[in-house]
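Each remark here refers to the structure printed beneath this line.
Going in written order, the chains are labelled A, B and C, and every chain counts its residues from 1.
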Amino acid sequence: MSAGAAPITVPPIDLDAAITASFWGRAIRDTFRNVGACIGLVWIVLLIIVAVLTPLLANTEPLIVKVNGKISWPMLRYLTPTDVILFILAAAVLIAAAFRRVSMGRRAMAVGAVLLITIPLAYIFVHPPVTVDWQEYRDLARAGRIQYELMAPLPYSANDYQRDDPSQVLQPPSRAHPLGTEANGGDVLSRMIHATRIALSIGLVSTGIAVIIGVAIGGLMGYFVGRIDILGMRLIEIFEAIPTLFLLITFVAFFGRSLMLIMVIIGLTTWTLEARFIRAEFLRLRKQDFVQAAIAGGLPLRSILFRHLLPNGIAPILVTSSFSIASAILLETYLSFLGLGPVDAPSWGQMLNQLLGVAGTFVWWIAIYPGLAIFLTVFAYNLLGEALRDALDPKLSR
Amino acid sequence: MRWTPSSADNVMAQPLLELRGLRIAFDTDRGQIQPVQAVSFSIFPGQAMALVGESGCGKSVTALSILRLIPSPPGKVLDGQVLLQGRDLLQLSEKQMRSVRGKDIAMIFQEPMTSLNPVFTVGEQIVEAVKLHQRVDTRHARQIAEQAMHDVGIADPDKRLDEYPHRLSGGMRQRVMIAMALSCQPRLLIADEPTTALDVTIQAQILELLRNLRQERGMSILLITHDLGVVAGNADAVAVMYASKVVEYATVFDLFDSPQHPYTEGLFRAIPRLGRPGGRLATIAGTVPSPRRFPSGCKFHPRCPRMNGDPLCAQTEPALREVMPGHWAACHHVQGFAAKPITQPTIDFRRPAVPPVVEATQ
Amino acid sequence: MGAYILRRLLLMFPTLIGVTLVTFLVMICSPGGLRSVIVSHEGLMDPRQRAAVEKYYSKKYGLDKPLPVQYLLWLNKVSFVGVKDAGAGWPASWRFGFKPVDLGESIVHHRPVLDMVEEALPITLLLNGITFPIMMGISLWTGIKAAQHRGGVGDVVGGSLFLGLWSIPQVWAGVLLVGYLANRNFLHWFPASGLHDLRDEEMNFLPARLVVGFHCGWLLDTCWHLVLPVVCFMYAGFAFSSKLTRTATLENMAADFVRTARAKGVSERQVLYRHVLRNSLLPLITYSATIIPGLIGGAIIVESIFGIPGMGKLGVDAVFDKDKEMVLSTTLVATVLTLVSYLLGDIAYAIADPRVSFEAEGT
């Protein structure tokens, strides 16, 4: 060691490059490079915003109104627990997104905690009046008793059938009703906005259920093989052999038509795709050295499944989830179209239903707009799924 | 129609196939590469010529170019001629070329496993070859196919014709490929590493089969290989290729006795000999250059032990000159290289047939 | 080959049994249980009638017996092999063999379900039978063309077009088709609904020239009625099969055996249509088998939009009529249809690919 030797300098590690070289980072970046995926994502985000802000966008009740000198907030009074929960959830997500330095897991848990607290509180404290007089403020306005009111951009709720003005039935698009009205007097755009929630929630919840069931069954099949695998394959074949729509209408015929039920049913009938993929992944992974090492090290089964196999095998599920959301939305559309959808929830498919059997008259604004919404949403999820697939598995791309 | 060899072996006959200065280019999205540059050699009737080189030196591309099987959008012929008995194959129309393929020149490939169509029987595929070039009905074509299978040593040819390729072993499939290639009596058989994918014992059988067929029919064969052992046992003339060029061309005996090019020397040195005391295996330093980054001047110069810093090797590419009668090499450091003539490499030589082993009777 | 079919049939049975189990479970778990299935519409009968019907059905279906027995009884009822009940007493009077399928009776229509299914099934089969070959044919053709002109305008545009078409929900497409092409106020090129004209009884089968002018005949009339439903049924089906064919064709074009064929002197055209095509068919056959349940299920939508009295419409009407036995029966029949199609697909693949042997696996 000679004196005066130059201090050893270590070249700085390019953290950003190292991080973006990670599997997920690269996958997400590749996905966003895909034009289709970006367009799809934009549309989906738009839908989410519309779903969250529904009561603010299309509501017969004014936000603020001054009648006879008294100020009141009717819109707030008529908020449902769902509205409140969604608002708070959206706010929580936005705030959590701002805390960039906290890890993803912690942020997700925080949002989940907020959700868990809000749900029961909302149901306890938020009680909108059961009956609504849709004409109330319109009558007051006609009588000239309103000094000031601030309304939502579209001043019609989904269930406001405009009984006070029968001429508004089945009107083509106009300034008052940008997308026209239905045969029962409801505003098309308003019903479409309200239907966004149904569509998105059915997509997410049904797919969530399908993923949970599929991953559970497929994972067990892939890990334990042998008899469980054979049994599971039979189960998958059975569910795949019954045409999905037939199975769905059978369930609906026997169990009824509530929204929750339909979400569960769609999940119950479409889990096979996820199961197949997870099974293939687990079959492949269990032969790999790190899993063998974990087993040899005596790790408990729970740990092997959840900490080793699952995170590595989850990639294809992301792809199928996107496609599954699209197909779940489609299935709900089909059910509603046949008249078997969730009872009195406005839904895009249900709006198309009105055109069935209407001999002679073809109402183009009801045919085109809800259909267009369904198409764009399904297309968006499909584009996202394609982009994810190209990003996550180079072997599958052209 | 069988061609009978002439009685005088050393008569200066017309070469069956002549390559003159063939230059092939590929257009890739990163620029043009030339995997074959100025390749010239000749094959005579009844001759077995070996084209030797490592992977990536351009020998397969050369072979495919003879039959114009290089897909045309990325690949194109920049220069040169391929003369089949005087007719330039490169000038023919596609339709004329199709009548050459399989009939005058046939080709067999390296992977017998995948070279046959899995959904057709072996018989159907041979019959297809026959009917493409001969005006016979199906029954007659089948007889020809059966005869061809018999000639390559497949037992029970009648039954085998109705088998599907996946039922046959690798050696059998290669025999079928040879049968298919020979079914129209080609004058030249191009064999692109026909035995590389086979077991050693099957290798020997196939090579012996090829030798016998060649002798029976007077057929020429262009044998592409990287195995000098195969060359030693089967070739009459040898062309050694390195990085898109022919660097040495001689009879097999001349090549093995006195290699002129440092690359050829290096190849021979690298062959491990049994019976010698162990030690490090000799290698040729460096790696084969990729066609994208060919060195300037002589392509071998970065690895050449003869170079000794000579700037000539780095600047000027040596042409293939006839450094000795019937022996061509491309190296500046061969004695008196610059004065040697540049001629079309032509070797009309066939090794004497190996007499059958006779049991010594005492 | 007969042994192969038999083996495949035997493999089909566990799945079939499983399906019956699933449907039975749905029946049991539903509010009302098995009883409500058998005795629907009890509110419409007066109490004495209802008691008598209940008693009859309880005895017949063993509603008071334990669940597994109920399952077996029900299974026996709907299957075509089983125990023939030749009277009371066991086992002397029971015989095992082929028996007529009893799918129950439609409460609403007062007809055996089997009869109604027999009427509706051929129509659904017709719809699928026409759509499937056309769809596969077009996919094959476009896939090959896309592979031939890879990267060209047709390839890129075609691929995106098909993906877009696939994303259009059938309900929307059907509504738009009817609305714009079958509308009296718009382009009335096609009839809006039904499979036959109202006066189809009077028509000749084939086109004929009558005194009053050209008469299109029953055959052409039915074809005309079928155009829109078939289009609606198949517009979305090209996306994946076309891309599959394209990929398979591209792979095969680069395969070694194609190089061999070219070296033999085979023309490019023959290489494509003889050597490559046969190999590209294989993944297509496999894929087409997987979309069959979707096709049979999708018939529900198309039949509802166009008012075609097939299995799908039967099922949907049954749901509205709360005719639970009918719903179950249509689902069961649809599943049997699917399984038979799987079998046909298997056989087709085995014929097309000589590598699949007809002998037992492992040979």
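In this text, a residue touches a chain if its C-beta (ideal position, glycine included) is under 8 Å from a C-beta of that chain, and two chains touch if they have at least 3 such contacts.
No experiment lies behind these values; they were computed from the predicted model shown.
Enquirer: Going only between touching chains, how few steps reach chain B from chain A?
Expert: 2
Enquirer: So which chain ends up closest to the centre of the protein, judged by Cα positions averaged per chain?
Expert: C
Enquirer: Quick check: more C-beta contact pairs at A-C or at B-C?
Expert: A-C
Enquirer: How far is the middle of chain A from the middle of chain B, if each middle is the mean of its Cα atoms, in Å?
Expert: Each chain reduced to its C-alpha mean, chain A and chain B end up 64 Å apart.
Enquirer: Could you grab the centroid distance between chain A and chain C? Build each centroid from C-alpha atoms only and quote it in angstrom.
Expert: Whole-Å distance between the two chain centres: 31.
Enquirer: What whole-number Å value describes the gap between the mean CA coordinates of chain B and chain C?
Expert: From the centre of chain B to the centre of chain C is 57 Å.
Enquirer: Show which residues of chain C lie in contact with chain B when the two form their complex.
Expert: Going by the criterion above, the answer is residues 255-257, 259-267, 275, 278-279, 352-355.
Enquirer: So in the complex, which bits of chain B are touching chain C?
Expert: 67, 69, 98-103, 106-107, 109, 111, 114-121, 128-129, 132-133, 164, 166, 177, 180
Enquirer: In their complex, what parts of chain C are in touch with chain A?
Expert: Of all residues in chain C, those touching chain A are 14-15, 18-19, 21-23, 26-27, 29-31, 163-164, 166-172, 175-176, 178-180, 183-186, 192, 247, 293-294, 296-298, 300-301, 304-305, 307, 312, 315-316, 318-320, 322, 324, 327-328, 330-331, 334-335, 338-339, 342.
Enquirer: Please give the residue numbers of chain A that touch chain C in the complex, ascending.
Expert: Checking each residue of chain A against chain C gives 234-235, 237-247, 249-256, 326, 330, 333-334, 337-340, 349, 352, 355-357, 359-362, 364, 367-368, 371-372, 374-375, 378-379, 382, 386, 398.
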